[in-house]
Each structure stands twice: as C-alpha cells, then as structure tokens.
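What follows is chain A paired twice: with chain B in the first complex and chain C in the second.
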Partner chain A sequence: MSKEFWRWPEYRRTVPGKDWKNAEVVTAGVDIGSVSSKAVIMTDGELYAYSIMRTGSSSPDSAQKAMDRALEETGMKLDDIKYTVGTGYGRVNVPFANRAITEIACHARGANYIWGPKVRTVLDMGGQDCKAIHCDERGKVTAFLMNDKCAAGTGRGMEVFADLLSVPIEEVGPMSLSVDKEPEPVSSTCVVFAKSEAVGLLRKGWPKNMVLAAYCSAMANRVSELLEKIKVEKEFVITGGIAKNIGVVKRLENIIGFKALPIQEKFDPMTAGSIGAALFAKALYERSAKST
Partner chain B sequence: MEQRLFEKFHEWYENRHEYAKGWKERTGGKALGYFCTYAPEEIIYAAGVLPVRILGSHEAQSFTEPHIFAMFCPLCRDCLAQGLQGRYDYLNGIMIAQCCLHMRQAFTSWQKHIPQEYSYYLYMPHGIQTPRAYPYLRGELEDFKKSLEEWTGREITNKDLDHAIEVYNENRRLMKQVYSFRREKTPRLTGLEAMEMVVSSQMVDKEEHNQALKKLLKELPNRKLNRSTGTRLMVLGSEDDDVEFLSMVESLDATFVIEDHCTGSRYFWNEVIPQEDRLAAIAARYIDRPACPSKDWPKRTRLPHILKLAKDYDVEGAILIQQKFCDPHELDIPAIRSHLETNGIPTYFLEFDVTVPVGQFKTRVEAFLETFQLPTDLF
Partner chain C sequence: MIVHYGYKDGSGEYFISVDTDKCNGCGDCVEACPANVLEMTTMMIDLEDKLVAAVTEEHRNKIKYSCAPCKPEETPPCVSACKQAAITHTWKPQ
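Moving on to the complex of A and B:
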C-alpha cells in the first residue's frame, strides 16, 4: 500500500505533575469534527489530559475512541468525569455527554482560556469549515461568520494537496515557505479545481514547493475574506489544524497586516474547542450542583 | 386535538395542486397562476378566476439549465422547474405583476415553453414612491381587467369588485388577528404554522380560507402549545417557504414570532381602502403595501416597518435570509442589519438555495441562539 501523506499523527498527552485524584471536579469536552475528534479532560478547570484522533464514519464511536485514548495512562475512568460537553458537528452524538454546545461558542471560550482575555478574534480553521469569531473578554461570542458549503480553505483541502504532492502534511507549511519568489496563488480554492490546476502546474515543471506555496497562498487569501468581512480585531488567534501550517499562517498574517498570537507550547490549537467545551462542562456542573 | 388546529392549512399547503384541480372541477372556473405577490388578486377573483401563486418545491433539479442563468435566484429557477415538469398543467393561464428581473425571466420562459391559453404581463411600476404611480397603476389595472373580461367572456362589474375586495380584506383582517396571538408572551402558533397559513391563502379560494380562519380563531385563544417559546426570533428577506429550515430553527428552543416575507406578513399587512373608483382603491393598496426591496427606493421604507414589527412582536434576534443571487434583497440586507443592530436587535445572515444545508445551518443558528441562551455565569 502506498504511503498516505495526508495522515497526520494521532496522539495523546497528560500534563505532567498533576494528580487528578486531588481535584475537586473533573470535567471533559469532546469535539467531534468532520476530520478529527478531540477529547479534553480538565481538573478544576485546568488542562489535565487530551487526545487527538481521526474521526471515523460513526460520531459515537469516534467520541468513545477519543475519550478512551485521553483516559489512557491516567488511571481515570469515564465515571470519574462529572460532566461532559459535546461539541463539533457530531456534538449531539457523543453518547456520554451531558450537553451539547456549538463549536463556535467553544472555540471562543477555549481561545480565551489558552491565550487570555485580550483575545477578540478567533479564526477556527477546521477540517471542513472555517469560522471567524469575535468574542468579549470572557470568551463569549459577540459575532461570527462561517464559510459556506465548500471545503475550500480548510484542512481537508490541505490533506488532498499533501497526498497529491506526496509531501507529509506536517511538512507542507515549511516547504511552501522555501520558495525564492512567491508564486501567484492558484486561481481557485475549490479543492477539486485547485487540484487539477496544481496537476497542470506540475506538468509545466513547477517544483513541489512552488505548487504548495501557490495553494497555501490561495487558502490564506480565501480565509482572509472571512476576516475582512467580520473585521479582525486584536488580539487575533488561530485555532484548528491549519493553525499548525506555518505556510498558511504567515501568508494570512501578511495579508491582514499583523500577527496572530503564537501557538502556546502547552496547548495544541486543535483542542481549543474541546477545551472550551470542558470549561463549559465545569461551569454547568457547578450550576447543577448549586441548584440541587 | 389542539395541535391539529392548523391541519387544514397544512393540508392545503401540501396538496396545493390537488386543491386547485378540485376547485376547477367543482366550480367549472379557470385558474390563473401568478408569479409575485404584487399581482392584483382582487381583480382576478372578481372575474371568477382562482389566483394560484406559483412557488417552487425545494427539490434539486436541472430542467431549467437551458432556460435560466445559473446565477439567477433559486426561487425563479424552482418555479420554472415546476412548470417544465407539468406540475401546474391545470392552470388556464399565467400572469406576472412586474417585479424583479429573475422572476420576470421565469415568467417569460414559462410563456415561451409551456403552452397557455392566456398570459398577461402587468406593468406594475417599480417607482412607487411618486404620486404618479397611483394613476399609472390604475390605468394598468383597467387594461388588465379588460383583458380578463375578454379572456373569460364575462364582464367584471363593480359588484364583483366590491365582493372580491371584501373577501380579500376579510382574509387580511383575519390573518392579522391570528398574528396577534404571536405577540403573546407564549405565542399560540409557531412560525412554521403561520407560514403555511399565509402561503395556503395564496392558493386557496379566499372565501374558503376565511371560513377556516374563523374556525381557527374560535379555538386559538384556548390553545396551549406543548413547547417552550425560547428565543423570540424574526425572519426576513427573500421569499421563504422552506419548511425544513423553519422547523429546524424552531426545534432549537426558539420561535419565529414575526417575519417580513412575501410568504408572510408582507403579503397581507394592508387592506384595500374602499373608494368609489374601485380600481384606484386596489392600485393604492398595492402601491402602499409593505414594499419588496425591488420597489423600495429611493427611500427605504422597509427599515421603519421592519423595526416596528420587531418591537411590536418583542423580537430578541433576527435572521436575515437571502435567496442566492437575489440582488434586491442583497442590496437591502446590510442597511436592515445595521438598522436593527443599532436598535439593539442582534442579527444573523444566511444565504438560501433551492435546498439548504440543514446540518451546517443548524450549527450557525444554534451558535447565534447561544449568544442569547448561554447564561452569563458559564463564562
């Protein structure tokens, strides 16, 4: 079987030096996206463990798989989690969730936690859609825009390109920046059209890095339209898988004229939504505890 | 039992073609399809003809590709598709009161490709914000009346017009009374029920519709809906009879309490004020009705009208929809959004097609609703 270059690595992580048994309340957020599923476990509102997995054909199975993986090595059982919020497109299909909240609210809340209360604009570049979100100092959504039906400017499009050019997906961003001169962007961000355009460029003799640069540039252009519409305000952050693609991020920063806050070492930007969900879970748990 | 109060309207809405065919059989009368709600139905009705609004079916199709540009609105293509598929083959004729370019294209294409015994293009003026519009439209109505008389072989008398005006005004009054129950703290009908009631009135003999409304109004004051009202929403913009969308939103702890659509309040909001010159009275009604954006210039009269509706119905948020490529609404929406938001009513915009991506729209509407519904102590 040939190598699948689009395959980004699934992984899990536990924050070192913490014992969940000392926590008063353990909550979780599970974000079932169209491409990846993320489960985050928080102890007293602090990140404790998480997993990032690929979404399968069944949302409930993907949720279970992500949660099982997050729980691995922790000694924790699902029952130890007091409250779980589901989010993402599969939010209503998380079998063990107490409630569902949209990924738009969760990304804003999560970004507020990761980068702090100065965040005003969140760009979530997900697997199959893209959202530009405004929030206040508490991480509450004040306005948002979402791209329409197509997968242009999203992670899935990038995966298709990684496969087409046989470049591992993590290397796409850096390789796209290794060009001497920035090429014109591909004229279409529609994944299907852009792919056939890229094939044409390869036939013309363009090296891979030039083709990737042209695609990353087109994607940045496309996404910048959303930001232009919503009027990007500082501080600005990017969440979702594409936040890790430096080729898109740098080009986007050039277009909008300022930088996004850098990725925080402790947090994977893909988990922003599930972190937000776990924080909502904590607040909802405390609310329910108060009322009983 | 109370849940079935709107069953009749739902049945008419679902079985519109069967109704019209049955009506023709029963009465021996003719049915005339019309393309836009500026059609002066009173005159058609006075001629003993059943006016039937032509609408789409929200199914993906490719019948219209050779006839209408793909960047014309989904509604005009959907309407023409119905004709090309023979779903309105019981119509004896079609007419349009001049409206937007896209609907006109659907009309003229229908005229060209679907044989009719009668068709009429009524020059409803676009420039309605001038006193000259009244006599101009009156003259056009006179011509239309004559044309109908020739077609049906029957004179339309003042008595016929008076009767039609009374039936139509009564329908408007009754629907407004039903709408008053949407103003209540706990509305006694959903937005979907209201839409089906209004749209069915555009296809059913109004006298029959009036009977059903009277029956409904007897029972409506005692109706208790077994659902939470949730967030009080307004929906406005292009034509909207998308059942799937309306019911999806109303499943998210929200209720559409008012709308500004030609499939809703905009259709019936004002009455014909009787005067000796019946045609002048009818002309004034159509000039003065809540405007479609294709005619609402140079002044935007829709802004105060929409804001008043929002305030009267205690609206918390507004969803603005635009049929893809619908230029008149696209031009109006930024001004409406800004007007509503300046007046404290948050808005959200969605672009519609023949079918809507319900999953994605659900996320978007839910996120909009969360801005009202998520309690502040969660942050």
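Moving on to the complex of A and C:
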C-alpha cells in the first residue's frame, strides 16, 4: 500500500500527577468533527485526560471510540462521568451525551480556558469548515461567522495537498516556509481547482515547497476575509488542526498585522471545542444538582 | 451575540446578521420572508435555551440567490417585520 501522507497521528494523554478519585465532579466534552473526534475528561473543571482520533463514517461509533481512548489508562468508567456535552458537526449523535451545544460556544469557552480571559478573537480552522468568533472576557460569544460553503481554508484541503505532493502533513507548514521568495498564491482556494492548478505548477517545474507556499498563502488570504467581517481584535488565537500548520499561521499573521498567541504546551489546539464542552458540562451539572 | 449568516466570495459579500440579544423569538420575520430563508431555532445563551431567528441550513450557502428577489429594496420584508431591529443585511455585489 502506498504511504498515506495526509495521515496525522491519533493519540491520547493523561495530565500527570492527578487522581480523578479525589475530584468532586468529573465531566466530559466530546467534539465530533468532520475529520477528527476529540474527547476530553475534566476533573473539577481542570483538564484531566483527552484523546484525538479520526472520525469514521458513523458519528456514534466515532464518539464511543474517542471516549474509550480517553478513558484508557485512567481506571475510570463512563459511569464515573457525571455529565457529558456533545459538540461539533456530529454533536447530536453522541449516544452517551446529556446534551448538545454548538461548537461555536464551545470553542470560545475552550479558548478562554486555554489562553485566558484576554482572548477576544478565535479562529477555528477545522476539517471542513472555518469559524471566526469574537468573544468577551468570560469566553461568551459576542459575534461569529462560519464558512462551510466549501472546503477552502480547512484541514481537509491541506490533507489533499499533502497527498498530492507526497509530503507528510506535519511537514507541510515548515516546508512551505523554506522558499527563498514568496510565490503568488494559487488563484483559487477551492480544493478541486487549487489541486489542478498545483498539478500545472509542478509540471512547469515548480519545486514542492513553492507549490505548498502558494497554497498556504491562498488559504491564509481566504480565512483573513472571515476575520475582516467580525473585526479581529487582540488577543487572537487559532484552534483546530490548522493551528499546527506554521505555514498558514505565519502568513495569516502577516496579513492581519499581529501575532496569534502561541500554542500552549499542555493543550492541543484541536481540543479547544471539547474542553469548552466539558466546562459547559460542569456548569450544567452543577445547575441541575442545585435545582433538585 | 451577533450571528452572521452568509459568505463572501468572488462575486461579492452577502450576509444576514441576527442579534440574538435583541431577538425576542416572535417569529414575525419567518412569516415575512417569501423565500422561507428564516426559521426559529433554539440556541443556548448563558446556559439558558432561547428561541431566536436563524437562516436555515439549506439557504446559508446560497443567500445571494435566495434573497435576490427582495433586493435591491433598502429594507427587505424580514428587516421591516422585526420590531426589535435585530436583523441587518450586508449586500455588496461586486
């Protein structure tokens, strides 16, 4: 079988030095995206464990798989979790969730937790859509805009390019920055058109890094238009898989004129939505406990 | 919260924006829209569920066409129907 260059690694992590049995409330957030599924377990509103998996053809199965993986090595069972919130594209198909909340609210809440109350603009670059969110110091959404019209400016588009050029997805960003001179962006960010344009450039003798630079640049241009509409304000953060693509991030920073806050070592930017969901789960659990 | 439904593409900029703080869920805009672009939906705001106006998923990616019959009127029916002034349009064809 030929190598699948788009394939990013699935993984799980437990925050060291914590015992969930000492926690008063254990809650979870499950974010079923179009490309990846994330499950986060929080103890008393602090990150405890998470997993990032690929989404399969069935949302319920993907949710179960992500949750099982997050629970691994913790000794915890699904029953130990008091309240679970589902979010993302497949949020209504999380069988063990108590309720579903839109990913917009969850990403803003999650970004507020990861980067702190100074965050005002969140750009979530997901697998198949891209969202620009403006929020207040509590992580409450004040304005948002979503582009799901096409896969332009998304992780799936980047996967297609990694495969086309036989470059492992993790190396796309750094390689695109290794050009001597920044090329013109590809004229279309539509994945289908951009792909055929890239094939033409390769035939003309363009090296891979130039083609990737042209695509990353086009993607950065495209998402900067979304940010224009909600008026990007500091501090600015990027969530979702593309946050890890330095080629897109650097070019976007150049366009908007300031830097995004760097990725926090303890947190994967892909888990922002599920972290937000787990925090909402805690708030909803506490409210329901109070009313009964 | 202001929710911008719509898009910007090579042909221009097309958005219907709903201010969910102003929207009182009356549904007048839904009835006023001749193209069934709007619907009432439940959103969680400050942990409470609130009924607010939204652009249906079906129309979100094609409002340039769905809303075209009401253009170039200054105030389309949905905007004039809203007593709370919760709906605004951005219409910039290039």
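Convention: the second predicted complex is superposed on the first by the 291 of 292 C-alpha atoms of A that agree within 3 Å, B and C clash if a C-alpha of one lies under 4 Å from a C-alpha of the other, contacts with A are read in each partner's own complex, and residues count from 1 in each chain.
The rule is short, and it goes like this: a residue touches a chain if its C-beta (ideal position, glycine included) is under 8 Å from a C-beta of that chain, and two chains touch if they have at least 3 such contacts.
Not measured: the values here are computed from a predicted model.
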Chain B and chain C placed together on chain A: clash or fit? clash
* Once the shared chain is lined up, is A:A105 touching chain B (first), chain C (second), both, or neither of them? -> both
Ask   = First (chain B), second (chain C), both or neither: which does A:E225 touch?
value = second
Query raised in the report: After lining up the shared chain so the two structures overlap, which partner does A:T74 touch, if you call chain B first and chain C second: first, second, both or neither?
Result: neither
Using the touch definition from the top, say if A:S178 reaches chain B (first), chain C (second), both or neither.
-> neither
Item to complete: Would you sort A:A283 into first (chain B), second (chain C), both or neither based on which partner it touches?
Response: both
Task = Could you say whether A:N93 touches chain B, chain C, both of them, or neither, answering first, second, both or neither?
result = neither
Check your understanding: Does the superposition put A:D129 against chain B (first), chain C (second), both, or neither?
Key -> first
Re chain B stretches 164-172, 254-262 or 272-280: the one overlapping chain C is 254-262
In chain A, both chain B and chain C touch residues 101-102, 105, 140-142, 144, 148-149, 280, 283-284, 287
Interface with chain A, chain B side, in the complex: residues 351, 357, 359-360, 363-364, 366-368, 370-371, 374-379
Per the touch rule, the chain A residues reaching chain C in their complex are 101-102, 105, 140-145, 147-149, 225-226, 229-230, 280, 283-284, 287
In the complex, the residues of chain C that touch chain A are 1-4, 7-9, 15, 43-44, 46-47, 60-61
Counting only contacts in the complex, chain A reaches chain B at residues 89, 101-105, 109, 129, 138-142, 144, 146, 148-149, 280, 283-284, 287
